[in-house]
Amino acid sequence: MAPPWRTSAWLNTPAPIDLEAQRGHVVVACAFQMLCPGCVAHAIPQMKTVHELFGPQGVVVVGLHTVFEHHEAMTVTALRAFMHEYGIRFPVGVDRPAEDSGPIPQTMAAYHMQGTPTLLLIDRAGRLRRQIFGHIPDLHLGAEIMGLVAGG
Amino acid sequence: MAPPWRTSAWLNTPAPIDLEAQRGHVVVACAFQMLCPGCVAHAIPQMKTVHELFGPQGVVVVGLHTVFEHHEAMTVTALRAFMHEYGIRFPVGVDRPAEDSGPIPQTMAAYHMQGTPTLLLIDRAGRLRRQIFGHIPDLHLGAEIMGLVAGG
Amino acid sequence: MAPPWRTSAWLNTPAPIDLEAQRGHVVVACAFQMLCPGCVAHAIPQMKTVHELFGPQGVVVVGLHTVFEHHEAMTVTALRAFMHEYGIRFPVGVDRPAEDSGPIPQTMAAYHMQGTPTLLLIDRAGRLRRQIFGHIPDLHLGAEIMGLVAGG
Amino acid sequence: MAPPWRTSAWLNTPAPIDLEAQRGHVVVACAFQMLCPGCVAHAIPQMKTVHELFGPQGVVVVGLHTVFEHHEAMTVTALRAFMHEYGIRFPVGVDRPAEDSGPIPQTMAAYHMQGTPTLLLIDRAGRLRRQIFGHIPDLHLGAEIMGLVAGG
């Protein structure tokens, strides 16, 4: 089962998004950092397209701001400006800082992520079906998501 | 139902590929011309990736060389050289010239294609589910093909 | 004559870069903001290549962080993290905030810039020869800079 | 000195272009093959931009169709169709086949080219200043050509 998301704030949504409450929906989540070049160049534009294509089909598309470096630069205030400038319309949760004040935030740790971007594909039953660190080509991603949507 | 393909030659396959004999398989076909810039820049690289990703899953991936202009330049000999240089490994059928010696070859006419590239998505029952003139983004195409593979 | 730069900090250089002291050198300066998508996608990669190609030929290549929006997000601390992540090695000056606490910083105002990115080409005599808002293709930029280097 | 061009036909020009007659002009020539993927994807689009930018400044921009493989496919008829489809407006000379019927045409042999694309930069005095096999970035090419234009 996909571990719950542990967040400290949400943007682009009136209420926090609880992963457990999404049962019955396919969920696509992208863990990113606003100052990660690969996220900005590839993962975020890809997620915007995923949101436009699959959002109307009932897929839940979410960003997770998993800050594990440059914490002083990647604040919620900075994230809000970033999302405005890059036209991000899907909800983004801020990963909750570690309790022991280490650099790795809690959701990132719970999923044992190696870095950003990391993509999570979660099926209707709440199972983590795929976790991809780095780049996945659009053709492959479209097929993977549709495989879950079609009930695979 | 998808009309049969009317061809005069095949490359990259020991025997002609009869569309009717593909029942039970999803079929992705790309009608192109070797001197069509949009085909060369976008459709053919996309089809190569489709072939690599979906071929091992049993999807039949095929090119159709639907020459409707510059017939004297786009001969079978030229097509063979083109396919070698561009590393095309999927089978390609040569659309059969019109019987009345008009410019539009027979398969192109049967499908009422408007130009090249044109993509055909055919389901396991032989029904033409989608016909797309021009460009379709990779994310959308991956989803469309997977929708058919998953039995949609 | 190119107006002097009015800055509050410099990164990637042991001492502030005074424009007047560059006489005898061709100067290429790019005014950017770290959260400006066009700067991140196009202008900054272009400036990195300009720096690699023309720096060894004696051209002075400089960035100017002209923050006119989201001031709370684009701090010097954030800029330093950004430059680290994007591998920027040329000196970057922080444009000095307006004295009347308006949003437009002083160098940006002195050059009447319309936004970011804005490229400045300054000849050996300190004259502003070109000011370009937005994108200039690489071929054109290489020719423009070389025109100044060759003494045009 | 740049060897003379040995050609058997010219397209996009009312008369053959004699290299010796271009003294006083900077000359940029691109040796290509119409079925060479790197030429089609990179060199030819780059030459079209070179032609648009530097043509009005008196630079002579020329293509040379140096066919050394698939001779039966890359005929003058096929080249004419290719140039029409790809919107090539600069003159293109067809490199003259070898007298001993070997695969390497005469101009290609005279310049000891290793393959296609190969770029030739010739100064106003007819000297071959640069010969580049493969890709040269736009910024570098713009600078190289402008260096010759400015009299370097």
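By written order: A, B, C and D. Residues from 1 in each chain.
Everything that follows uses one rule, which is that contacts are C-beta pairs under 8 Å (C-beta built on N, C-alpha and C of every residue); 3 or more make two chains touch, one makes a residue touch a chain.
Since the model is a prediction, treat every value here as computed from it, not as a measurement.
Using mean Cα coordinates as chain centres, the one most removed from subunit D is A. Averaging Cα coordinates per chain places subunit A and subunit C 34 Å apart. If each chain is reduced to the centroid of its CA atoms, subunit A and subunit B end up 37 Å from each other.
For subunit A, no residue reaches two or more other chains under the stated contact definition. Annotation, chain-chain contacts: A-B, A-C, B-D, C-D (touch as defined at the top). Listed in rising order, the residues of subunit B touching subunit D in the complex are 35-37, 40-41, 69-70, 72-75, 77-78, 80-82, 84-86. Contacts from subunit B toward subunit A in the complex involve residues 46, 49-50, 53-54, 137-147, 149-152.
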